[in-house]
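Two complexes come next, and they have one chain in common, chain A, joined by chain B in the first and chain C in the second.
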Partner chain A sequence: MSELWIPLMVVIPLICALFVSALSRFNKTIKVIALVVAIVIPIIPFLSNYGLHIFGGFLPMTDSITGMVYHPSIVYSFGVLQKIFIVILGILAFLVLLIYINKYKKASGPYIFLLFMGIAAVTALLLTDDIFNMFVFFEILALAQVGIVAASSLDNNYEMALKYMILGAIGSPMILLGVGFLLAITGSVNITDIVAAIRMGKVAITSPVFLMSCGLIFFGWLYASGLPPFHTIKSGMYSKAEPHASALLQAFTVISMVSIILIMFRIYSAVPIFEALLVVFSAIAMILGVTMALTQTDYRRMIGFLAVGELGFIGLGIGLGTQFAITAGLFQAVNEIIITASLFIGFGAIAYLSGETDTRKMGGLIGYYPKIAILVLISGLAMAGVPPLNGFQSKLMLVQASLSCGYPELSLLAIIVSIATFVVFVKAFYTMFLRPKPNTLKISNKKAPKSMVFAMVVFLIIIIVLGFFPGIVTTGISQFAGGLL
Partner chain B sequence: MWLYDKFFEAVKKFKQLFSGGPVSNSDVSGTLAAEFLLIVSFCLVALLIRHVNILLSGIVVLILAIILVVNMPLIPKFKSEQEDSLNKMIFYGILTLAIIIVFIYWGSAYV
Partner chain C sequence: MLFTQLSVLITAGVLIIIGLLAAIFIDNIIKKIIGIAFIEEGVNLFIIAIGYRPGGIVPIIMPNVDKAYYAANAAYPLPFGLVLTSIVIGASTLAVMLALAMVLYKKYGTLSTSVMLSGNSKGEGKDE
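Moving on, here comes the complex of A and B:
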């Protein structure tokens, strides 16, 4: 056990990405490398100690006059929260790669390269204590996401990827400008140093430059997390990627959202309106996401909008700002990664088998694919917050948190949105599985890929275990939230 | 009966939302649920203004509820504003940036 494992959580997927790309002509080799690394990724966090890794060995320096400590190099911080998210990401990455390798006889080196670059980037976002390093990996992640969507075989995928990149050209420079403003007023890009400078009163929180940096980074965060006004493009990205890739893309979104908002929370929690803005944008995301999902007839887009709406619950918990509320928000993030991945893969299996994505042209599929129907049903119930599944536990915590913070209207909103989510799901499930099969729908003799069913069963086990024993993750998350405050 | 007629007119307009395929009961009921969800949830969010001023919150909720009900059906308008048009996405992106900056710069005194 050593802190030396901390950088390897980023370095291993990065090196794997480069190897796989370079060896893309050797089909079996890249498949083996990808699977082995995917198995290793969730194991590394268990081998590593909690702590800091300082790159280059440049130890912190103390200013003898002011007593302030400066970190001259990039620092990675590994704690219990990072461990939980990296393990979940690792499990998901393994299952996604398994589905991909099982589906395609000839694996694409550049495509696997993009998947691993995305995994490395979100891991770095979780670990980094350097705000410029955060921006660099945020950019790498955005490009990897564009590449993954552009590499899919669905209609209009290039257009959606291009739009996401163009919007990124607005969102990303805003973050960079905000980072530049912070550097200008604090003299550091290390987050711990910036927070220390604010707490010691070296930076006035009413300073226009400081407030402007908050606004700019907040806007960039909206782009990264797909909250309004970027909810349309984010749901579009999910619907234009291959189902297994959508499962991974939504995990990238959730983790980048959580990573950046926790950094912002550390720096800007003293700005009084920061938490209010966070709550308002999260509430709008919940409303617009579910409202738009209710009106969709393409189930991929429906799940895309639902995934965006669920992000609002995470923001709501963190925006309320108490230890219990932050724990609830982060627990919701863990649950959303698992539940939405399961739904994307389940509906992806249906799309693969029936060749149809328009719910108006579907029906009667429960007679043909009962196993997938049951797995999708349980995942959908978990997303809607039906007990005793994990979604219920996190949503109940969020309702309790907003009540205890003195916001009963937010509790009501969370309940109403959960009911609407249930309606979306019941509508989709009925139209696809339960109503009589239309004569125009042709059912092929293909069987559901075993890797997809296996992935859904693994997710189902996690959903049920976290539903009955939420303490497995909430205890660690609560400790982290206590430290954050 | 005015409100009933209003709802009925709104439901008839939902048909235009589902181009290129048959419209089923579940599609219309889903859209109707979205319509009510939108009205109720925006009024709930507007109630948060009570933390700034209770009277202001009452007035805002009342005006918002009237505006939303009078302008039914809302979903076709909301859907057309949230389509995959790059122009609209950029427009709302820039508008949001302006709103964030205004609220962060001048809003901190009122929270």
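Moving on, here comes the complex of A and C:
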């Protein structure tokens, strides 16, 4: 057990990405490397101690005049929250790679490279205590996401990738500009140093420069999270990637959202309107996500919009700002990664078997694929917050948190959005599985890929276990939330 | 604030605004990408301006330089390090955008983003 494992959580997927890209001619080799590294990623957090890793060994220095402590190099901080998210990400990455490798006889080195670059980038986002390092990995993540969408064989994928890239090329410099403002007023890019400068009163929290930096980084966060006004582009990205890739892309979105929101919370929680802004945008995301999902006929876009609505729940929890509410928001983030991944893979299996993504042209599939139908049904019920599944636990916590903070209207909104999610899902499930099969729908004799069914069973186990024993993750998350305040 | 620093900051602001206007309002994809490059360079210029110190020396410790003199006069090196990284990232982003623009130009035969991103017409639209 050592803190030396902390940087390896980022370094190992990065090196693996480079290797699979360089060795892309050797099909079996890259498949083996990718799978072995995907198995290793969720194991490393268990080998590592909690603590800090200071790159280059440059220890913190104390200013003899002001008494302030400065961190001259990049610092990675590893705690229980990071452990939970990296383990979940690792399990998801392994299952996604398993599906990809089973699906294609000839694996693409550059494609696996992009998957691992994305994994390394979100892991670094979780670990970093340096706001410029956050920006760097934020950009790497955006490039990896664009690459994953561009590499899919779906129609109009390049158009969607370019659209996301253009918006990203506006959103990312805004984050950098916000980082520049923070650097100008605090002289540091280390988040702990910035927070210390704010707490010691060296930065006026109402100064226009500080507020401007808050606004700019907030704008970049909206882009990274796919919250309004970027909700359509994010759901579009999911719909233009292959189902297994969409499962990973949404995990990237959730983790980058959580990472950046926690950094912003540490720096800007003293700004009076910050938490109100979080709650307002989250509430808009919840309403827009679920209402737009109601109108979708393509299942991929439907799940994409539902995922945006679920992101709103996470923002709501963190925006309420109490220990219990933050725990509920972060627990919702863990649940959303698993549930949405399960839905993307489940519906992806149906699309693979029927060759159809338009729900209006489907029907009667429960008779042909009962196993997948049951797995999709349970995942959908978990997303809607039906007891005793994990989605119910986190949403119940959020409703309780809203009430205890004195916002019964937010509890009501959360309940209404959950009911609407249930309606969206039941409508889609009925259309695809229960109503009579249209004559135009041709069912192939193919069987559902075992890797997809296996992935869904793993997700189902996690959904049920976290539903009955939420304390497995909420205890650790609660400790983290307590330390944050 | 010093005139030099102020003028650099104003230039950075003008670059960012021009870039934003180009990225949002111009239809031609190449001009849009040039606008995005303007935004990136404007932000880089802004960060460089933060590290400016009047009469300052280059923040590299040379063998013959007195350390007290260096500490009193060296410019703040952190912004330069950040900008160097930012330039590399900007170059990668531009390369990816240009590659996507090339692919879409081959597909649609036009540089118009409104035609490209509508995704439903092929080979139509202006080539401007």
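Simple rule for what comes next: the second predicted complex is superposed on the first by the 485 of 485 C-alpha atoms of A that agree within 3 Å, B and C clash if a C-alpha of one lies under 4 Å from a C-alpha of the other, contacts with A are read in each partner's own complex, and residues count from 1 in each chain.
Note that contacts are C-beta pairs under 8 Å (C-beta built on N, C-alpha and C of every residue); 3 or more make two chains touch, one makes a residue touch a chain.
Predicted model only: the values in this text are computed from it and were never measured.
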Does the superposition put A:184 against chain B (first), chain C (second), both, or neither?
-> second
Which of chain B and chain C A:273 touches, first, second, both or neither = first
On the superposed three-chain arrangement, identify whether chain B or chain C touches more chain A residues.
-> B
Check the residue A:63 against both partner chains and state whether it touches chain B (first), chain C (second), both, or neither.
-> neither
Please indicate which partner A:166 is in contact with in the superposed arrangement: first for chain B, second for chain C, both, or neither.
-> both
Partner chain(s) touched by A:143 [first = chain B, second = chain C, both, neither] = second
On chain A, what residues does chain B touch that chain C touches as well?
-> 163, 166, 170
If you look only at chain A, which of its residues touch chain B in the complex?
-> 160, 163, 166-167, 170-171, 174, 206, 208, 211-212, 214-215, 218-219, 222-223, 228-233, 236, 271-274, 276-277, 279-280, 283-284, 286-288, 290-292, 294-295, 297, 358, 360-361, 407, 409-410, 412-413, 416-417, 420, 423-424, 427, 430-431
Enumerate the contact residues on chain C facing chain A in the complex.
-> 16, 20, 23-24, 29, 32, 36, 39-40, 42-43, 46-47, 50, 76, 78-79, 82, 85-86, 89, 92-93, 96-97, 100-101, 103-104, 107, 113, 116-117, 119
Residue numbers on chain A that touch chain C, as the complex places them = 132, 136, 139-140, 142-143, 146-147, 150, 155-156, 158-159, 161-163, 165-166, 168-170, 172-173, 176-177, 179-180, 183-184, 187-189
Chain B contacts chain A in the complex at 17-18, 21-24, 26-27, 29-31, 33-34, 37-38, 40-42, 44-45, 47-48, 75, 78-79, 82-84, 86, 89-90, 92-97, 100-101, 103-105, 107-108, 110-111
